[in-house]
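Input: a single structure, listed below in structure tokens.
Order as written gives the chain letters A, B, C, D and E; numbering starts at 1 within each chain.
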Amino acid sequence: MFKKTIIESTGKSPWLFHINAGSCNGCDIEIVSVLTPRYDAERVGFKLVGSPRHADIAVVSGPVTKQSLPRVLRTLEQIPEPRCIVTCGSCPQSGNVFRDSYSVCGPLSKYVHVDVDIAGCTPKPEAIMDGLLLAAQILAEKKKTGNQEATLPNPYAPEKTAEEAKPAEEKTEEKGEA
Amino acid sequence: MMTFNYIASFFLIVLGFYTIITKFNLVKAVIGLSIADYGVNLLIISIGYVPGGTAPIFTEGEISQLSYFVDPIPQALTLTSIVIGACVTAMSMSLVMKLHESYGTLDTREIRRLHG
Amino acid sequence: MSVILNALVDLGYILIFPGFLFCFLCGMLLCGIERKIVARMQKRVGPPILQPLYDFFKLCGKETIVPTVANKTVYLAAPIVGLAALVVIQLFIPVFNFTAFAGNADIIVVLYLLLIPALAEIFGAAATGSPFAGVGLSREMVTIISCELPLVLVFLAVGKAVGNAIGSGVVFSLQTIAAYQAENGCLLFKASMIPAAIAFLLTIPGETGMHPFDAAEAETEICEGMLAEYSGKPLAVYKLSHAVKLLTLTSLFVALFLGGLGTGILLVDGLITFFFCVVVIICVVALIDASTARLKIEQLFKYYWTVVSGLAAISLILAWFGL
Amino acid sequence: MDFPFVKQAISQLFSKPSCDMYPFVPIEAAPNYRGRIAYDPNKCIGCGMCVRVCAGKAITLTRTPAEGGENITLTFDLGSCTFCNTCADFCNDNAITLTTDYHMIATKEEDLIVTGTHFKEKKKPAPKPAAAKPAAPAAAATPVKAAASDAPKAEAAPAAEAAPAPAVQPRDDGKPVNDPSKCIYCTLCAKKCPQEAITVDRKAKTWELNADDCVGCGTCQTACPKDAIIM
Amino acid sequence: MSNLLNYIHFPIYSVMVLFLGAFLIVVLGKNKFLRHLIAVLAAGISLACMIALIKPVMLNGEVIAYWMGNRVPAGGYAIGIAMEVDALSLFFGLLISTAVFVSCVYSVQYMSHDENIPQYFTLFLMLAGGVMGLVLSGDIFNMFIMVEILTFAAVALTAFRNKVYGALEAAFKYLVVGCMGSTCILAGVIMLYANAHTLNFAQLSGIIPGMMSNNSVKIAFALLFVGFSTKAFIVPFHPLAADAHGAAPASISVLISGVLTKSGIYGIIRLTYFLFQTMGLGSFQFLLVFIGCVSMFLCVTMALAQHDFKRLLAFHSISQIGYVLTAVGLYTAIGFSAGIYHALNHTLFKGLLFLAAGAVLHETGTTNLDELGGLSKKMPHTTVLFLIGAFSISGIPPFNGFASKWMIYQACYEKAVESGNIGYVLVTVICLVTSVLTLASFVKVSQSVFFGRLPEKYENVKEVPWGMRLAMGMFAVLCVITGLFPNLVGKFLTHPAATAAFNANGYIDAMMGEGYASSALGPFMNSAQNVVFYEAGVWSPVSWLLILCIVLLAVTIVAVTGKYEKVNALATGEPDAKHALFFSGEEAVYSQVGGSDLFWGFKHNWRHYFSFMHDLHSGILNDYALWAVVALSLAMLFMLIVL
């Protein structure tokens, strides 16, 4: 009955749940700073919630260490669908400087389908904001299409020019409207 | 003349309660209980006394003049009260035996599993 | 024929005006305004006013995961019972001398009906069996105990003040209170009622579990406390009942203390009440929410049973000596 | 229980919120913000220095032989880059610059990959000195290298004078030469050479250099414990 | 034969049937079926007699005066032993026989685990007969005898399972202090006899009020008052009840809390309203209300600190008796009817709760709140029935606790306004706060016993046998009915009883013949209170139906918004993690939050009070006896000063 409003609202009120998979806390304070008055993610509906049951978007930060791997996966499993998984910072994507250490279990994408990667060793709050907004739209997309693997074209991907040598020119201006 | 009886019964009741309160032994509590009971029995009997009255039993042909009877009702009450006193003592002694068997002591200060 | 008409009108009351639809929309709106004002007080832009509506519909769309350990029937039934009780209270509260079901609109009934939503949340949390929910429900129960004393004192004070004026000893029925206020001005201006009004205002955040008194669902310490295991539609209903509870308490405040300002036309009265509710929310609830840190549970209890109850007791004594 | 921030709360209620409305108002990062990597393959000489210094091992250098030379491609994986700018500092041809573009969001893997390849002319295997080198890029590369290698030669040279008259003459094209008298054949230089141009046989005590692979970066010289290598 | 079935004989039938049943069970007790048949039949007949009496006594207002052996009073002196049933005693009789009947049905299957069951049923029927006799008898010494019978039976039943942790100790303490109380009653009765030379209750209440200035009558009143309050387990004697309930089997706890306490209250009502008629004095009302409030508040806070399910319920029954006493002590029409209405409700919901506790004990073998948990999945019916009881006792609107508590608050506050002193407002506040604390302790019980996590050792717990659930169902249905239709309960039960309570003269005339009361009382004629009953604050069931339709509406609204098809994504190799509890990532191990680690905020603030209370209830027999004697002396002092 409220199918359309539900899909629309899914995009408009994404609740975040932050999972620290062994991070150096650089990304953690950046994620929280997104909710402070200067960047105020709440004005587009973001809210940090305490339990994965309430969450829509899981923000994972830190190289997934051997100790935190089972816990991260269990928490991600407990998030009800439709859900998005966002990795903040380059650690979850590749293990960054800790890549070959004995206690790092490698990128998160080895275990779970990651929807949005926000690169940067401590990405800028605006970058996190972009990532989360994109995740919110993916969330709405998943709700609309019903399949969990749905994804949207990435407005921030660098333009693929034909010939190799030409240096990548300035990327297209971003059109991410909220 | 009755006042002495009343004082005595009052004294017995107070003595009974005193033993229950101060003695830390279960058997002494039972003794205190029965002393208080006897005090009350004495009170009941002494209330029914009518000076110069005889035992309230009708025998054939003897009621010539209107001789006084002692009030029969308190006596009946005393009978029941004595019976009740006996039952109380019997039951409390059986309980005391079971308590001694399971707690191993008769001291009220140790028998306090249910408190607080 | 008139019976059917009456039934229809009653159903209309239940469904439309003071009933479900009014509660749903106004509750959400009130909650949205409150969040926006709190954000503005923190120099933030704050979410759009309709944000609670978006939250509600999003939660409706989410999957409901019932933990295997939980008791399924209580888990699903509890939020709905809480919501229903709240809507019933809303029906009893007079809107400037109009009450949908006047039969027994009595303060004590309202006092006890206010217990049911809190109980619904408690038994919902108990049904899940999660330790976070256990700690949450223990804190919620202490919050209920601490809010009960001031509420009782306030209601007795109001009953006594109106009873004195009418001369019929004591008045517990909300309707006579509304009628009294219709004639000689709202109760707030009586000397004895001001501390009671303040006490009642301080109880609203405690009763609804707003920021400084939300030890029961502290998302940082005990992961959303009682609602730790709720997701999807039951959680949506709980969030809705939080919003409606805010509306119920503020409209109860308006009915008790700002009585006489109604015009008589139902719709206009409704708007006026809602306006007063918003004003109350802005200047009291949001202000307390934005400017304080979360209290520990025993500080909350001590605060309610000393400061707020003291205020209410003062007004009771004043009302008693006929002020 | 006092209400400490009531005054601020009320005053802030009426003042303008201090948010910069990010998604609607685009915001530029600080001037020297280290954002996305821009790689200019033409300037790159393929020395592999950046690969070695990169903390996050984000840079990979692959050589694909093509006719008349080889294609050297460098891929920067922003996903594992710490944006510490060391590669840009070490790259003496400043082929790598970190722009101030901070929008590094990716839904697919390759959104974060920055690559660039350049073609490198391969010299004939003649032992002759490289005087007859063809086109400008190669030339452009050597003077720089020469400059780079002057410094080590200069400080290596005085050490040489102090020693008895060197039996070995440094080669003029700046490639390293081994001094058998000092060399103890510890194979350290071979290990260090990024291009695996040096092969050392401990038993046969032989040291030879594959001039084509060698790019004259001087790592072997610095690595040699006995300073047996002269460039 | 026809006059044998005349309703005039029903009071004696209901008492004799129980004692006869007790005797028959001793004889035929070995046969299991026969024993259960006799027990249930006896309780059933006694209940039937009581119900049959409703029409004549309650509706027509007739008072049955039944002289044993047809010894009608001669020359203005009542010689024989009489049984008098007016609306008040019939009300209590009904209450008691219902509780007895349901408890009997319950104990048929509940006691199947125990041995020597015939003795259990004999004692059970003796206890029932004793209480029925006490309530229906019109002779004061006969009342004393019945009090003795029920005390013995209760003590024996408390010690029935003598392997239980504190059973023997509880029984002994109950016996000692109980017999101290009985001795006081006996002494009081004798002092009355010394003054009035009669034992008939009606004649006494005709003569005694006139002689109130006489000191021995004052002392008799103090003795009787303290004697009956030991039976009602009011404040100074409440540890007895707490120990007795904790140890007794559940069906007996139903009787002790539902029936014995009510007989104590009935005794006190008879004393103050009829025998000595001192309720008119303001200071006497203050005494009853003060005792009621103290026992109400003290016992509810003690209950919050308990670790055992049945001990918690025991403290609650004393705090509810505090409610009844406060309401009765107001000496207003609505106050009295609210009080006895709450007494009726209390028997119903307290019986239900004790039966639920028995069911838990029957299945898991323990009632310790810290060890239990999560039984709702294994025993769903018991959980629902327990919840009905818990909601009723804490006064949640649709149930019966609310109706009577509401009338009590109304009565308290009106008494405050009418008498003008602010003390009664404090009483109302204490009542309301106690009701919230009751709710808190039942939330504690439901979380630690029925909800939360199920410990491993109770994995194979099953639902209780049908007989026990049937009994609990009876109580639950009665709870809901009396909650929904207070006006019916008022019309049939509480208002006739209240009118009967206020016209003592009717009571006396019925026994001693017309005009006796006015001639005897003469100077001391207290006008029968203008007994007006307005349906003040009576909860009409219409609003309850309102809630029902809104609940259905809410369900449809929520169910309809958006069907979500089942998609099982994110195969992270942890199949059961999705439905496991959220333990911030950890494996969901067993961890039950219940029992004594609830309400830390409240207990922390009141820790000094709780530690003082804990030490006060030391469990030593001498302390309890000391409290009894202190209470007796205070009562005597109070009577001598005030009257």
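Operating definition for what follows: a contact is a pair of C-beta atoms (placed from the backbone, for glycine too) under 8 Å apart; a residue touches a chain by one contact, two chains touch by 3 or more.
Computed from a predicted structure; not experimentally measured.
Graph distance from chain A to chain C, where chains that touch are one step apart, equals 1. By the document's definition of touch, chain B and chain D have no common neighbour. Looking at C-D and C-E, the interface holding more C-beta pairs in contact is that of C-E. When every chain is reduced to the mean of its C-alpha atoms, the one closest to the centre of the whole protein set is C. Note: the chain lying farthest from chain D is B, by mean C-alpha position.
Per-chain CA centroids place chain A at a distance of 62 Å from chain E.
Separating the centre of chain A from that of chain B, both taken as means of CA atoms, is a distance of 87 Å.
One simple way to say how far apart two chains are is to compare their mean CA positions; for chain D and chain E this gives 91 Å.
The distance from the centre of chain A to the centre of chain D, each centre being the mean of the chain's C-alpha atoms, comes to 32 Å. For chain D, residues that reach two or more other chains under the stated contact definition are 17-19, 21.
Touching two or more other chains at once are residues 561-562, 567, 578, 580, 582, 584 of chain E. None of the residues of chain B touches two or more other chains. Remark: the chains found to touch one another pair up as A-C, A-D, A-E, B-E, C-D, C-E.
By the touch criterion given at the top, residues 1, 3-6, 8-10, 12-13, 15, 17-19, 21 of chain D touch chain C in their complex. Every residue of chain C that touches chain E in the complex is listed here, in rising order: 14-15, 19-20, 57, 60-69, 71, 73-74, 80-81, 83-85, 87-88, 91-92, 101, 103-104, 106, 108-109, 111-113, 115-116, 119, 122-123, 126-135, 137-139, 141-142, 144-146, 148-149, 152-153, 156, 159-160, 163, 169-170, 172, 215, 223, 228-229, 232-233, 236-237, 296-298, 300-302, 305, 316-317, 320. Listing the residues of chain A that touch chain E in their complex gives 1-3, 6, 19, 51-53, 68, 70-78, 81, 83, 111-113, 146-149. Chain D contributes residues 17-24, 26-27, 29, 33, 35-36, 38-42, 55-58, 73, 77-84, 101-109, 111-112, 114-118 to its touches with chain A in the complex.
For chain C in complex with chain A, the residues that touch the partner chain are 35, 39, 42-48, 51, 53-58, 60-65, 132, 218-220, 222-224, 227-232, 235.
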